[in-house]
Structure formats: C-alpha cells, structure tokens
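Letters are used for the chains, namely A, B, C, D, E, F, G and H, taken in the order the chains are written, and counting of residues starts over at 1 for each.
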Amino acid sequence: MTTGFVGDWNRQARTGIAEAVFCQSKSTAQIADILGEATNGQHRMLFTRLSAEKFADLPDSARDALNYEPVSQTAFLGAISPVSQPNAICIVSAGTSDDAVAREAQRTLEFMGQGASMVRDVGVAGLWRLMERAEFIGQHRIVIAVAGMEGALFSVIAGLVNALVIAVPTSVGYGVGQGGATALHSALASCSPGIVTVNIDNGFGAACAAMKALRL
Amino acid sequence: MTTGFVGDWNRQARTGIAEAVFCQSKSTAQIADILGEATNGQHRMLFTRLSAEKFADLPDSARDALNYEPVSQTAFLGAISPVSQPNAICIVSAGTSDDAVAREAQRTLEFMGQGASMVRDVGVAGLWRLMERAEFIGQHRIVIAVAGMEGALFSVIAGLVNALVIAVPTSVGYGVGQGGATALHSALASCSPGIVTVNIDNGFGAACAAMKALRL
Amino acid sequence: MTTGFVGDWNRQARTGIAEAVFCQSKSTAQIADILGEATNGQHRMLFTRLSAEKFADLPDSARDALNYEPVSQTAFLGAISPVSQPNAICIVSAGTSDDAVAREAQRTLEFMGQGASMVRDVGVAGLWRLMERAEFIGQHRIVIAVAGMEGALFSVIAGLVNALVIAVPTSVGYGVGQGGATALHSALASCSPGIVTVNIDNGFGAACAAMKALRL
Amino acid sequence: MTTGFVGDWNRQARTGIAEAVFCQSKSTAQIADILGEATNGQHRMLFTRLSAEKFADLPDSARDALNYEPVSQTAFLGAISPVSQPNAICIVSAGTSDDAVAREAQRTLEFMGQGASMVRDVGVAGLWRLMERAEFIGQHRIVIAVAGMEGALFSVIAGLVNALVIAVPTSVGYGVGQGGATALHSALASCSPGIVTVNIDNGFGAACAAMKALRL
Amino acid sequence: MTTGFVGDWNRQARTGIAEAVFCQSKSTAQIADILGEATNGQHRMLFTRLSAEKFADLPDSARDALNYEPVSQTAFLGAISPVSQPNAICIVSAGTSDDAVAREAQRTLEFMGQGASMVRDVGVAGLWRLMERAEFIGQHRIVIAVAGMEGALFSVIAGLVNALVIAVPTSVGYGVGQGGATALHSALASCSPGIVTVNIDNGFGAACAAMKALRL
Amino acid sequence: MTTGFVGDWNRQARTGIAEAVFCQSKSTAQIADILGEATNGQHRMLFTRLSAEKFADLPDSARDALNYEPVSQTAFLGAISPVSQPNAICIVSAGTSDDAVAREAQRTLEFMGQGASMVRDVGVAGLWRLMERAEFIGQHRIVIAVAGMEGALFSVIAGLVNALVIAVPTSVGYGVGQGGATALHSALASCSPGIVTVNIDNGFGAACAAMKALRL
Amino acid sequence: MTTGFVGDWNRQARTGIAEAVFCQSKSTAQIADILGEATNGQHRMLFTRLSAEKFADLPDSARDALNYEPVSQTAFLGAISPVSQPNAICIVSAGTSDDAVAREAQRTLEFMGQGASMVRDVGVAGLWRLMERAEFIGQHRIVIAVAGMEGALFSVIAGLVNALVIAVPTSVGYGVGQGGATALHSALASCSPGIVTVNIDNGFGAACAAMKALRL
Amino acid sequence: MTTGFVGDWNRQARTGIAEAVFCQSKSTAQIADILGEATNGQHRMLFTRLSAEKFADLPDSARDALNYEPVSQTAFLGAISPVSQPNAICIVSAGTSDDAVAREAQRTLEFMGQGASMVRDVGVAGLWRLMERAEFIGQHRIVIAVAGMEGALFSVIAGLVNALVIAVPTSVGYGVGQGGATALHSALASCSPGIVTVNIDNGFGAACAAMKALRL
C-alpha cells in the first residue's frame, strides 16, 4: 500500500463534528493503527461500534488510553469537558432493547460537551407512560427518539411536542420488523410533519445532527 | 372452455361468509356473466372493487339490479335486512384518504346485516382527536382500524382499548409508504400485543373476520 | 441513565393482556433486572424468546422462580390457574418444524388461564391428514393456524371451517421461503375471506388476539 | 440498422418448440415487419401478448392472415391441425380472473396440435369444488395449474394427484399479492414435492414445457 | 358516515406547524369539502400535491380563494405575511427535474413566513458548479438539499459546510434509481455525519423540520 | 402435545413420491423421533439437509440404520434397489460449488431406483466445455440443470437440446447473487421456452419432478 | 427562482463527454428553455429520452433545430461530423424489443463522432444465431451488449470474445423480469469475468463509457 | 460422479483473462483437489476469497506452493512477472474498511503483470482529501473506485477526471447500507456519465475489466 491512513483532523473546524471511527467493519489491527496515529498527533477521537470483544483484543496501552463504555460500544480518546445545557436535548427510547443505541447518542453528545436527558421505556404499547412524561419531554428543544419494531413512537411524539424530532430507528424486531426497515419506513412515512430521520441504529448520526441544529 | 363459472353458493352455510366477487381483475363482460348466473339462481351476492367506470359499462338491467355505492366501490345484489348491533363494531380511520377502504368494510358488514360505528380523521398526528374519541371507541367489542402512511394508529389504539383490533393498512402514502407496505409492516410489527391484520386495502376481509369473531 | 425500567403493570386491566417481556434482543443482565423488579413487585410476568442459553445464564434464584419450557422458549413468573374452556381454541400446525411457535401460542394461553387443543403435522402435502381432523378442528370457535414454507394451510382451513382463523406464518423454509415472508404473504393474500394474520413466528401475538376475541 | 430480423425458423426441429413472438414490448410496426417476413417465408408462427388494441392497429392484410383470440391475446399464423390426445393435459384454474393465462396455455397447446381439458373456478376457498373434480383431474398425465393471489391451489393439487404439476402463478391480486410474486413464491416454496414452476402469467411457457414432457 | 372532517386547527399552537392537506390521494370532491370547512372557519391552510388537473376541477369560488403555484403543486388559503430571514435557509437542488420538490419546500416556508435562498443545477456531475457556490451556501444555517438519481449531493454538501443538512431525496431517476429509493438510501447511509432525511419528494416535510430547527 | 408425528406413509402410492424429511429446521431430537417411528413401521424414508454435525449427534443405532452421504447431506433408511434407465436423466452442473445440490438430486433419484448421468463444470464462462458435452446431454430425455450466480446455463442448455429442462438455481454467489435469487429469476425469465424451475437449492424437488415426468 | 439553468458547457473538455439532457422527468417547457440557452450559446447538445409526444409539443423552431430519431428517442443540436472507426465498437442486442436501447447507444456514439457495428436478434434462445456472428463480433475492441429478460447474452458473449463487454440490461420482460432487475443482476453476477455494467436501459451511459475506454 | 474438475486452461488465450478459482463456496477438500490438478498441469492459477482459515487448513505442500496475501484473501500459483505500466491504473478507495477489496483488485492486476497506484482514505466526507489527490488520480487512464456506504465517491471522481471509472461497490455499511446494495445502486444511478460497475466486493472483476480495457 502506498498511502497510509490520513485522519480528517480538521473536520471539526470545517463541519462542526469531530472525527469518529466506525469500528464494525475494521479489524483490531486496523483500529490499533488508527488509534496509534491519533495518539501520536494528540488528537481527540471517538470510536463507535467497538464491541467488547474487539476492545478486549486491543493492546493494553490502547485500552488504557480509552474511556470505554460497553452498552453503547463507544470509546473516547482524549479529554472530556463537563457537559453543558443538559435541558436542550432529550433522548427518548421505546424499550430496554433500544438502550444501546440511545446510549450511543448520549455518549456522542457527551464527547462533544453536550448533556442530554434520558427518558426510557415509553413505547406506545403503554401510552400512559409516554403521556406522563410528555410535559417533561416537551421542555427540551430537540428530541432524539429511539425505537424499533413498528416505530409508532416517532409519530406520537411529533404530534405531542414542539421540539425538532430526530428519529433513530433501531434494528430491534423480528419477522417483518427484522433489521429495522419497518421502524425506518414509519419514521419517513409519518403522518406527523417535521420528523427527520437517520440510518437504522445510527445514534451517533442523530447526535451529530442535534449538535448542528443546536449551534444554529 | 368446457366449464363455466360455478358459484360457491353454499359458502355462507359452510364458513359463515357469503360469496363475494372481486371485480378489479375481471372484465365487464365477466362481471355481467357472473351477475347473470347469480340473478338466475336468486342468490344474494356482494361485488367489491367495482369501479364507477366498470359499473357504468354494465348493461342497464344489471345496473338496475344492483345497490351501488361509489366511494366504497361496492354493489349489493339481493335484499338487505336492517342492520343489528350497531355498537358491537367500530370502524376507525386515520384520514379522509382512507374513506374508501373504511366504507368497503362498513358496506360489507351492512350486507351481512351488521351495523357499525364510524370514527374518522383521528390520525395520530393530531393525537388529541383520537384521545377525545377513545372512550367511545372503547365501548365497542371489535375495532376495525384503517390507516395508511406509517400506520401508527394501530399501535396507539391497541394500547388504549380492550377490544380486538383488526388492522387494515391502506395504500395511502408516497415514497417509502407507497402501496401500503409500511402501514402493513407497522401493524404486523406492532409493540402492542393483540393486533391482527389483513391485506392492504382489504376492508372486505376485515369485515368478514369481524363477523366471524362476533359470532363466536 | 436517569430512568430505570418501568413495568406496564396495569396493562392487563387496561387492555386485557398481561405484560410480557420479549427476551431475544435483551442481554441476560437486562432480563435479570426486569425479573428482579417484577419479583419485588409481586407481579406475574410472561417471558418469550428466552433461549435455553440465556435461561442457563440467569442467576440460580431467577431460574428457580421461573416455570421454563424449552421448546417454546417461554417462562412464567407467578402462579398459574388451571386452564379453562379447552375446546374454544384449536392450535393447528403444519409440520414438526412449526412446533416451537405452536407451543409458544399454547403456553401464552396457559399463562392467561386458557386451554387449547393441539393438532399437529397436518400440512396440505398430505391433505388427507387434515381432512381426517377437519371435523374435530371445526368444533372450536377459534383456530390458530401455524405454518411456514408456502402457508397453503391457512387458505385450506379457512375454506373448511366456520371458526375465526388466526394465521401465524413461521420462518420455516429456504430459498424464496426463507424467513417466512412467503407464508406471511400467503396468509394476507388468501383467496379465503376471514383470515387474520400476525407477524412471522408470533405465537404470542396470536394467543393474545385469540383471548381478546374470546372475551368479546 | 445493418441487420434485419432473423427468425429462428429451425427452432422447432432443434428444440421441439415452434418460434413464438412476444408482442408486449414490441411496437405495431415491429410486429407487422415480423409478420411480413414470416408470411414471405411461409413459416407458421405464434403471437402472444398481442393486445386487442395492437391487433386492431395492424394492416388489414395482416389481420386477415391471423387466427386471433382476444381473451388469451394470441394469434396463429399458418395452418392448425386437429388436436390430439385431449386427455393427456388438464389445465386447472383458480378463478375467472385467471382465464386469460389459462387460455394462453390452451391456445399454445392447440397451435402445437395438442388438446387439453379445462377445469375452471376451483380455487381452494371453495375446496369442495376442487375435491369434486379431483378424480377427473387425476386422470391426466400433466396438470397445468393456474392461480394468483396466494397460490394455495398448487400445493393442494400436488398433494392430491399423481400427475406432474406445472404451476403458472398469475398477477391476479392486490396488496402483498400484487404482480404475482406471492403466488410464484408459494409454488416454489410448496410443501408438496414435485411441483415445477414457470414465470408469472407465462401460460405459453407452461404449454411448451408440457409438450416437452409429453414427448419424452 | 357519522363523523365529518375535523381539522386539527390547533396544530400550529401545539407543534409549531400549520395544518396542511395532502391532496394526492383525495378526490376533488373531498378537497372542495375540506376547503369549504376551512373557509367557513377562517382558517389558513396549505394544500400540497394539488395537481393542475385537480385544481382546474375545483369550483370557481374555490380556485379564486386559493393562491396556486403549478410547479410546486401547492396552494395557500388565507393571508401570507412578507417573508423574513431569507439568509437562514438555503435550498440546493441537483437538476432541473428536482425543481418541483425544491419549490414545494420554498412555498411551504413562504406560507410559514420564512424566506429561503435557492441554488439550482449543482449536481455533482459538474462538481465545479457546486464548488463555486459552496461559500454562498455555507453562509446559511440550514441547507435543504434536493436530489434524485444517486443522491451524491447530500454527502458532498455535508462534507463542505457547517450547516444542518436536511436531505430530500426525489423520485427522479430510472432503472435502479426509479422511485427515489437509491437517493433516499444514499442520504441515510452517507459517510458524512450530521445529515438528516425526510421521505422521498417530501419538500413539505423538509420545510417543516427546518422551521422547527430554526425556532429552537 | 396431544398428537405425535404422523407419517404420510401412503404418499408414494397417492402421488408417486416417497415421504422425505427435511432436517434443516428440525432438532436432532425431532429427527431421532421420526427415524424411530419409521424404523418401527418398517418404512423406507429419505432424509435431506441432514448436516454432518446433526448426523454425528444422532444415536449410534440411528446412524447405523442410515446410508449417509455427506456432500449431498442425504440419508436413506431402508433397502435400495439397483438403479435403472441411467440414460433417461442427465444432471448438469455449472461449477464445483454446485456439487452439493447436484448430488442431492442424484441421491434422491437413486432412492427412487432411478439412475442419472452427471456432467459437471460446464458453466457458460467456458462455453466450449458445454458445447463439447452438448451432444451427450442431448441424448437424455430430461436435463436437471444446476447453477448459481447468474444462471445463464439454463437458457443456453434449453436453446441447445430437445429435453425437458428442470432448472435448479443454487445459492452460490455473492453481492447481487447472494442467496440464489438472481439464478432463480434467470431461470424464470429465460428467453428459451420450455424451462421449468424449482426452489433455490432444491435438488430433491427437481428429482421428484423428473420422476413424475418420466413416469408419464 | 433566483438561479436559472447553468449548462456544464465545459464538461467535454473536463471529462471527455459532451453535455446531455435527460428529458424523461422534464416538462416540455423546461426542455424548450434548456434548448433555447444552448442555441443562444451555440453549444452542441444531446437530448435523450425525448419521447415523440414531447418532441411534437416543442415549438416549431425548436423542432427545426433538432436532428430527431424516434426509435432511440434522441435528438442532436448542432453539427455532426462523419463517424470514424466503425470497427472499434460492436453493439449486440438480443431481440427486437431491445432496439430502442441499442439505438440510443448508437446515436450517442454518432453524436461523439464514433461509428459502430450493429448485430441484432442474437438472443441465446437461438444460440446458433449468435455463434454464426461470434467471429465478426470478436473483431471489435469493445462490445456493447443489450439484453433484457434473463440477460444470459452477457455471460455467453464474455465467454466467447476478447473484447471489453459493457452490459446494458433492458427493462424488457414481465413477471420476475419486469423492469429489468433480473437482466441487471445477471450482468453483475456473471460467471464470466470482465463484464462491466451500466443502469437498466442506459444506452447513453454505455456509449459514454465506450468512448472513454476507446480514448485510453 | 462420472466427471471430475475440468480447468478452462485456455481461457487466457480465448478471453485474455487467466482462470481464477472463487473459494468462498468451496470446501477445503475441493480447493485442494483443484490446486492439485493445476499443479500437475503446471498451470498458473489465481485463488480469490481464500480465507485465512481455509488457507491454514490446506495441506503443507499446497500452502508452500502458494503466494498468499491475507488482507485481499488471494493466492497465486505459479511465477509472477515484474509488473509493468504502474501509471496506467489507479485504485482509489474511500476508507480503511474498503482495503480488502482494493487489495483484491491490486493483487489480481499483479497476477496479470500489471501495476497500479493506490490512493486510500479519500471518502467524500472529507472532500479536501480527494481534491488534493485529484490531479494525481487524473494522470491515470483507468480509475478503479472502491467504496461502500452511500458510494458518493463514484460520482465525484467521474465528475473530476477524464479516465474510465470502474466502480466497485463494497459491502461496508449498516442499516440501509448493509450488504452493499446502496453503494451499488449509487454507481448505477450516478448522474455522472461514463461510470461502469461490477458486482459488490468484486475487486477481481474490476481488475479483469481494467485489463481488457487497457489491452484495447
């Protein structure tokens, strides 16, 4: 190979979003290389989809340099400032199975210095649970809504609150819901106007978009 | 052709559902033939998906013999009894565009002697409209829920009321919602247990199933 | 996380269906947490898609508290009453490979105090086997039909008996039948009116719907 | 264009199947050209998917030269021998809407000098109609089964008779059945062994395969 | 029908988005009814996907009451204020074929009192055209990017500017691009973080989301 | 469970095809049960998709009773007669990767007492290899053609020989060819008339159909 | 609209391909505008997918300025040089229905000053027709192969000749072949290495790629 | 089996491409057999998709005979000449995850005696990285562009350089990008004319096509 890895170190200045490394389709060796270059250059970096197995396979020094959180499968390289504006963004998730994606969004925000409220287990099968929290949710400027299966949560929230709703469909489901396409299509085809959507399981992308919207 | 049309005249006795003719993929000539045989045999018969154009193309005598309703594209051949038990079934639809399918369900029930309440325009984008009618809807034993687009209505109703919910996804929508697959998948993948589903736009089938459930 | 798991403990009163926990997309730790909260609150609870591996990984106390059945991958927490009305519902399955889903339906009914007849191995490739049992099946008020591959069983049963037919397509099959979409589509597109359908492999959902229909 | 139409005039000798022209994606001018060359060469030729509109647009001399049948949208050029062996092949169709495809198969056989029995309107929703004809159907060596919607007819027939079953799925249906994919997949995923399948609406292909099988 | 159309007249107060009527799946009669009720109630209302044919079929009085624009197929009922903040939102479109959707977004914003810059014909096949406009585009806080075919525009813009990018895939394309799914998937799977997406051809939804983001 | 496994022991008499057990979706315990019942009843039986792992897990007595062949993953229970008519059927396969499916067809025929010629490695990428064998292939009455990837072999063979061609698409391939759908669609959409098709990887079904055709 | 149409007039210098206008998704008014600007600027321009209906609707002056060919639905604006190197590229098509796409490729080449040989009606159902022309085809450096249905032609040609094969799948077909996806997938999944592919019906794109390859 | 493996040893002479063995769907035993025959015949041979696990399972003598490279999963049998014309082809890849496919293309070229430049990590999310390398890339006659996710790289490169662009979509991605279909469709539906495409992850095929184009 004649060309090594070239970090997009100025991405944050150019687009407002720090560089992140998506680890799912990379080998442990590739991840260690990237980590090494970032460490040498004293760059901050976010690692996503870093499974516990891959993290365990990294060299000791690499593991020590990272702030790793296993539910979200994320790791931070570099210093983290205390989060600010915790009441600007609310992450709402439908069920326990959506925790990993909701946490990925929260950790991404944290890496960018932004706090967020978490409201869990408010799927519409028990609509009263959501209604009880609706006023609290509505006090935030942005809602990141995380749901799999049929994704009815997106439409219901967007019909209840004034905030910008960023839908994150998850791959939680089986049969026709398998892989998350049903939840994704529900977000896109919603009868409630003003919902925007990111890819299935993309908690990271939702957090990036929320930061962009917040900085407007 | 060595074999002509053979009506399943005893279907009602055998399965509790009268014979119906699905006209969408039949020519006007084929419909007129079937109508002629039924008339000769003095059989009652329901025609579905009989478009206004095809109805207009039928011979005068055929048109006179039929009780035709254009929104639902249904026609009755034979006498209709006054409907009974109007409070047993409630047909709930999300928007004006779902009227045709909701009406097909209502007319099918009417042909079988069964009344039904109609609640329209209660899509979840305006959740308060549905909440205001929830108590009324909950007084029925069966809810036929009719919705296109993302079909969030199915999950919300099933989370609110005790009734058996029969979901009828409609082909109303565009983009990923085109043709009704998103609404169908939302019904099937719903996080609310106890929803059952019929084919896209199949108001007739929902009414047949409701009759079977009611006669248990 | 600022909000822990919140059970929908009143779901049974509100919708007639007790709370159930879908374990497939949950970690053993998450399942143990939910079980702990339910035990503390003295709530009854049904666990579905609890694989033998996950069950074996639960703490001893958790395993002791559960009535586990491996074919259906279901577990009961809390007391079970003797079942009633065994002749109201008949669960009919096409082949040995459909046993897991048929058993999930049966166990769900049992958890709700409802008995059911079981008729197995009556796929239409050997139509005489089904015909021999048709009269027995027809003595029930609801038929839960469980089949994979091409799902012809749904149409044939609905053409033979008066009962409400709830189709449960299964993921049994290969090639175009892989994952169960063919069986699902066969149920939805059936030429026999009055069939209703639930998601692929959703024996639990079929049982919930059957209970709702029975309580009408 | 440097190369004109070149008929595969020896196809019959080489493969046992005479040349046929699929007219659906050809303009009237193209069809007339092909017809002209065949006429000049005194070749027999079968035209399929020749709509009534296109047939009407052909020159008078062309129309006079053809034996046209509108339900099947087929035309014969050249002499037809009396058909033989009418009891070798039985064409069985599920409903009136499947007539066009069943007739295309019958006409193709007729063009090749082969007779066929026709059994219509025996969809499994009225299983008794099929059972009454089962013995008659079973007296043939090959069954061409024509059905749309969920295509349960294929599995049921193959479970009842000894004949080779050639399934012809049709595009009759709506919702998930739209376009014929559900019927096609049902034929392919059938639990009854020994069914073979051709493309959706391909009555012509089924007839060609039947001829090949018969000539073994 | 026992229940007429019920406008969600308070939607604007509740969610910040005025009520809009999607006309594509409604008959002219249904549209005229809705318009009548809105006029009687002195409500402002936006009509989308109102084709020139349907508009021409409306009664004279209805046509006179509406501010209709044929490219975007939108109509306004009620007074329009002068637009404000024209430099906050930039609508960027890839080609002439995307004009209708870009205009739908612009008209929706205008109906809500919001101006927008328009940058057209900057598809990436002529990347220099986009690069020449990049600085101008980057001066806006939100970019609504409108593109069909392969939708590469979304990724390129998000890699160039700091603004929040709302992608509107269009149904412009053929072959694998037919219907817009390729452009939609490109937006969702983009390697550029921070893009959010709405349904295919949904210029209205993008404008609603932009307004929500702007009002944060 | 109130009903045990019921073999369709008379299937051979009724449909000409002996009972076979598809083992892929059955547990080892279920397979052992079925084997036990068949042994007790002194029935012959064919097992397909019996992986080497599952075969190894069967009890010793079960393994001893079976004639197992690992490439085809088939096992015979009961006596096998010497095969007859080896020149009636030719199994033609495109590449080494298609061997498993070709062998399943061959073994199924062998179980029914029917021999077959095997022609391997004649994919159309090296058309001369196929042309060299074309005359030999053409001496058979039925060709079972086995191919994955793009499945061009089906059309080419059907254009070369007079025999009935039964296409068996295989799941060999990657990218758009993954899972076998491309090869299946190629068989169904072939420009060569007279091809019939079975499900992906269904060597067993092709052999059953060939036997039915041969016995005509 | 603040920005009018901006032609990419330097595309030819930059990428070697002159600007072309895809007319299918443009209105007649939009096409006339583009034509006007090109005429004013004395630019040469190619119009593709310009249907006879749209061409007839253009103003007289516009029609006079264009060299229009109806089979390919293409028009030239500006002078055409005599074509060169006619033996470098061979356009091979499977059937009469593929003529429109083959002609689009030929006309695009002609607009760029490049001649091409045409070989028609050599689909593999009549393999001998292709074999007779194989030597002639093999004398060219590039083959543009045009086929719909199952697209077996691509693999067969690539196995026969040394030339670079550019596959153009067409939308000719029905059932599973409808819209051209089967032919496209056959080209991509071909067992013959060295085939490259363009979008369905994209004769224009194939010609552009051929020019790029020729100019290497 | 009556016929063993028959190598297409003359393929190189006939089509300019040496024989290659796709190992993914072959067992280790099958690979060893093929290798043995090639060794005996003193043929050169390329093995692709030979995983490290399968390579490790080969007999020692086989492993010794092969030049194996693990990232690309390729192995060479036989002598390799020094590569020539390194500035003719440039392989450009979007991210680290695309390395395996880019390397497969490079190794295939190397096996055919052809060098290539490598430009890595130039995905459009950091457009400046690509722009910085654009002039270098443009100095080559052919660009093999390798990208997954949304595949915007293909359109951008084709809009920047004069070279023939061969797109290799990769299966890198998740959600709607899973499996590579989005990147594939982006290449096919590109707004930049002159791109040609091979199957997902088919670095080998792209290299073969590049060699054919280069030898024109």
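The working rule: a contact is a pair of C-beta atoms (placed from the backbone, for glycine too) under 8 Å apart; a residue touches a chain by one contact, two chains touch by 3 or more.
Just so we're clear, the structure is a prediction, and the values are computed from it rather than from any experiment.
K.L.:
From the centre of subunit E, which chain's CA centre is farthest?
P.N.:
It is F.
K.L.:
Centroid from C-alpha atoms only, then distance subunit B to subunit D, rounded to Å. What do you get?
P.N.:
34
K.L.:
How many Å are there between the centre of subunit A and the centre of subunit F, using C-alpha atoms for each centre?
P.N.:
Here the centre of subunit F sits 48 Å away from the centre of subunit A.
K.L.:
For subunit C and subunit G, let me know how many angstrom lie between their CA-based centres, rounded off.
P.N.:
Using C-alpha averages as centres, the distance is 55 Å.
K.L.:
Rounded to a whole Å, what is the gap between the Cα centroids of subunit C and subunit D?
P.N.:
The computed centroid separation for subunit C versus subunit D comes out at 42 Å.
K.L.:
Could you tell me which residues belong to subunit A and also touch two or more other chains?
P.N.:
14, 125-126, 158-160, 173, 175-177, 181, 184, 188-189, 192-193, 199-200 - these are the residues of subunit A that touch more than one other chain.
K.L.:
Return all touching chain pairs.
P.N.:
Chains touch in the following pairs: A-B, A-C, A-E, A-H, B-C, B-D, B-E, C-D, C-F, D-F, D-G, E-G, E-H, F-G, F-H, G-H.
K.L.:
What does subunit F use to touch subunit C in their complex?
P.N.:
Subunit F reaches subunit C through residues 1-6, 8, 10-11, 14, 22, 24-26, 30, 34, 49, 169, 171, 179-181, 184, 199-202.
K.L.:
If you look only at subunit B, which of its residues touch subunit C in the complex?
P.N.:
On the subunit B side, the touching residues are 14-17, 20, 141-142, 158-166, 184, 188-189, 192-200, 204-205, 208-209, 211-214, 216.
K.L.:
If you look only at subunit E, which of its residues touch subunit H in the complex?
P.N.:
94-95, 123-127, 149-152, 154-156, 158-160, 173, 175-177, 181-193
K.L.:
Quick check: in the complex, which residue numbers of subunit G touch subunit D?
P.N.:
Its residues touching subunit D are 96-97, 99, 103, 117-121, 125-126, 128-129, 148, 172-178.
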